[in-house]
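Structure below; questions to follow.
For reference, chains read A, B, C and D in written order, and residue numbers begin at 1 within each chain.
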């Protein structure tokens, strides 16, 4: 039987409850299983969670608190006009299948991502690349068609990791990267195993092997942790159980932030949401803290605009959208909708949307706004809300890093069209010096806050529950990743 | 009036009463959330405590009763409404191609895994109470069709049917005037059993999020929401479970009681 | 020496008395018959003797079999006696055998239960016993592959496998044809002589009793009203109930003369084939010829009988005449018009009365709706007042009170239901009625009343009927002309008396010979 | 017997064809474009179009149906869009969870139901009978996902006798069986209740038959009559129920697989539907329908083995 053959071949990882024996191996659980193992051709974040920094590396990479640090490119210099980037690659780097990693592979990866028939989910990241030239095996030069202050940031994304032409065909089921861990085995639906890459070019990781388990069901997650079947759960699905883990000496709970701005999106082109007064009324009718407590059991930080609060450039604009039902009713009256109106509230699957939706629906009902809730699966949400823009209100969390630029795109699903905002964004793109950028970012955040484009609710928190002895785990999620490079038991 | 009948009728009346009462009055309005005092244990202001949104669980159970009973009732209605005529028709044309076709069709619908198809239907038309009704209803049709045909076939050989044929009555007229009244008891009994299965199916569908959508309450979804709280506030998960259990138990006992009361074929067991 | 002594036996079930003060003695090698109408307690006496009373039955008195009192014997000991010291044969052979076990195994089981023998030996003895009861079929066959008569032989073989001292037979031949019945009775008599065992025969058929039994006990409402050696009892018949019983079963009915000989129903060489199971996947489906070019004519007001064993095609002919089933050949006409499904005017001329009084009425409808069902055939059926009048008249014609109209069928006895069936048939004043085994399910006394009713109706207005039955004595008393049918063919027909007096066709001769005859009773006629 | 089998096979193939058409039609109608879903919110229209072409979604319905059925007949169910692995291997892995779970649950249910049903029938109306009937009423009424939740709470979290879920693979059969125990119990409960009731009523019907009275007249005790004659006849309707239950267990365990996060066929379908991986949905549902029809066919054949009357007609 095919199944047995594969099983006999792979090392049988003995999962035993007590940590003593398995000091150098770890079982990590995340909610969703990656559909496949090719980070460059699928949007599913679970792929990056497992493979980013562990199996695959890009020219640059995110560190624990979101800063951009060196990756395969040890150093780089940028031309005056900001158009040409020259990367000096690390020496002696090999892929897991033994083939060497050099400038040719970088050119192959970037050209593949920006090609005409490319199926890369974040193709926009590579849009500005005009030319990739190999200077010598360890030096590669990238020329842009227009200056892009975010280019180094873009190259750190999971979708921009460096792959090899030799192993590209079977990448979906047998990923070959340059990272500190190599892919060992994948029992679909149950677990995925990585083992340490013995000839890794950088500092060797403490862990000898790691097993990823996929548990989306909240009770099962709670049971698995309590029964010590799992050592670390990144993105624990049931915030209501966290107090129990905090109280249990066996465990530690890390409450961090993600890049996910959770918003109540309003369809700016559909009446009555085309009237800013109505949008403002909706925003004031919302009590953010009640939603955070009710839906997320206190996990998450309120936001006044579409920006991650842990980012240094965040501007606190909470004052613009204080919870004030009386003001909300008067605004509605002013907008000629004294006795309220009915609209649709379309919710994607995650619990922040489903539970948040029920709370928001009851809060809006207080000021006279009736909402018809329809729960959609992601595929339906993308078709109805995102592509066809057939919705009044929706709740979604935008988890891509630094995605304030979506407000510059008029046919993005909430259809906000403001020329001044676009001007600020264009200028931002052209400037590279940090002080200039943070001033422009502040201005951008203020515009969308005062325009009440959407009701900005809270930054989606992420809770990591782990055995007390484990160190080196990321607290925040600047990008979807479970970086095991620095993780170890105790010492 | 056997013991089963009394207990069954009592339980069923209690829950249908709850459902009916919920139209007029519920202790608290379940649409108002009260996050600060959520997960209160039963007793005091809230007889059965409050759920994770601070809503009164008793009111939720009452509103949930309305959904569950309505969905199951209409689903059984669909099953009977289409299944019984099909069964009668197949029996009237016993042995013909039509009879074969109906029976093959029944086997085919039975072959489909009911839950999977329910998920497919709700995936296609979106989750809602109506789609749950359709999904459950479809799988009731073959049950009634097969039962009706099975009960009607032997009747067609009986003399009083031949007498009716001698009086020139057509197959359709005979099916309605003679066959249907004589299998009515069977329908009532099977109806209650399918009703209880309908409640379980509705609970299963809403448990995986495909039944009635908020703000309408449903026992299955109460269970799903309360699942993660089972270790901190067990009552939130236990109470809806018991509500489903007692309603289904009531209906099954009612079914058994009716079976004995309506056609007391006293099964005298030989020594 | 007496084999069996029943002393003052009485049995109650749930408080209602079923048997009261039964006293009966039986000697070995002797056939004692218990007769009486249904519900008289005959079977209960048999079951009490076997210790197989239903749950909840309370029995007092004594049943001594060879000195041991059955009522006091504990269950395990009783089990050792059943099948060993006493055996029992039941009425319904079709359901008396385990359908999923071979007949050899079922007979061998009796031996294996009572004796420490090897399986092979038990099977050998079983095969021998099956041979002895005249069964020429392999013991490895299954019950469904055998006819009713053959299955009854297997039941008998099982009962006597251990050569019991007492054999009880509860209506052993009621469900069988006349010819098979005769052969089974001969078998039982042979076994009694050969094994020297006592046979307690229970039957409601007085002719069988008179023919076979050494002693007779007549039971009514749970009591033995009269008991004695057969010749003395037949001659003396001290108890009025005994006399009434014998008189009713020998009843001759006087019919008015046939008015005209205008033809009414004409059946000309009708052929009816039933498709049987397909043997080869592609060849034509083999068929079973139920009616093999049958021809008969019935004139207006003429009473014709049709006699034959079960399975000879009687019911098929009825359904064909009524137009309920298509025919593959020949024609059926009433007043020269062909019978077809839709033609109401023609169908109004024919009605039918079935055998099973309990099955011929819809239990959910009231009597008035039941008997007016044929109005469906009339173009403008009587409504309101006329309808009520028609119902009252129909009920009166069959001797039932007008208030019967409001009742449900389960409130009537078997005899009353047959009267209602006749009322239903007469309500549209048909020219021809088909009686399909209409009185076979009735007790002797009730049967006599129904036959008298039919005779009165003929006197009131000319009424032709086709009387179908397997019971020769009934047909003889109620018809002018008779047809004898065998395997789908009419083998003989003629005036009833001449056919019964000297039958021409060998089959008819064997039929008449097999039917048990009631001895000519001097004063039977004036008893009623 | 062969002719019976051939006849049934012909009608089976007809039903399978009709089933495949119905499944394909229902699945194709699901709204939500798989390609758009896979590429996420930031994907550009041209990348989505490129992926649709790669997945062959733009070809006419009929040719896609023909390709799917054609492949299935040769055992190649096509390649899953999201998992990028052949559907056949996906199913092969998952069937090694769903099939043993179904068999395990069925054995548990039968081992409990048979003695209970027989005991209740032999002591009809007695205390034992009422108790068992009461228990079966409860068994049928308990929603099995709620029961599963309680099992996990007690045995996995508090007592830690069993793992809370997951499936360690058959490398260590003992651990695998242990992992399947709680789910099997949760699945077996309602089935055992139903089977016990059917066994009891079928046995009571048989005990009312004439051939039992004949057996008693031959000298068999009540117990012997029940075991030697009534039981075998009572098995026939019970067989049907077991056949139905097996096919239900195979596909109906979706929720239990969800609660115990077992990588079974049910969960595969559920995830495939939400990920709009239509090829997987179509193939797995078709496989389930095929298994159910095969199980019914086998049950029919065993009928003939158990009941000689059918053997003759077959």
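Everything below uses one rule, namely that a contact is a pair of C-beta atoms (placed from the backbone, for glycine too) under 8 Å apart; a residue touches a chain by one contact, two chains touch by 3 or more.
Remember, it's a predicted structure, so these values are computed and weren't measured experimentally.
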| item | value |
| --- | --- |
| Pair exhibiting more inter-chain C-beta contacts, C-D or B-D | B-D |
| Between chain C and chain D, centroid-to-centroid distance (C-alpha), Å | 50 |
| Centre distance in Å when chain B and chain D are each reduced to the mean of their C-alpha atoms | 22 |
| Euclidean distance of C-alpha centroids - chain B vs chain C, Å | 47 |
| Whole-Å separation of chain centres (CA-atom averages), chain A against chain B | 44 |
| Of all residues in chain B, the ones touching two or more other chains | 123, 227, 230-231, 268-271 |
| For chain C, residues contacting two or more additional chains | 52 |
| Multi-chain contact sites of chain A, meaning residues that touch two or more partners | 219, 222, 226, 349, 377, 380 |
| All chain pairs that touch each other | A-B, A-D, B-C, B-D, C-D |
| Residue numbers on chain C that touch chain B, as the complex places them | 52-55, 319, 322, 324, 342, 344, 347, 350-352, 354-356, 359-365, 373-374, 376-377, 424 |
| Residue numbers on chain C that touch chain D, as the complex places them | 50, 52, 75-76, 79-84, 87-88, 90, 92, 95-101, 109-110, 113-114, 142, 144-145, 155, 158-159, 277-278, 281 |
| Of chain B, residues touching chain C in the complex | 158-160, 162-169, 177-178, 181-182, 268-271 |
| Parts of chain D lying in touch with chain C, wherever the complex brings them together | 3, 6, 209-211, 213-221, 224, 228-229, 232-233, 306-309, 312-313 |
| Chain D-facing residues of chain B, complex | 104, 107-108, 110-117, 119-121, 123-124, 196, 200, 203-204, 207-208, 223, 227, 230-231, 234, 237, 241, 244-246, 248-249, 252-253, 256, 267-271 |
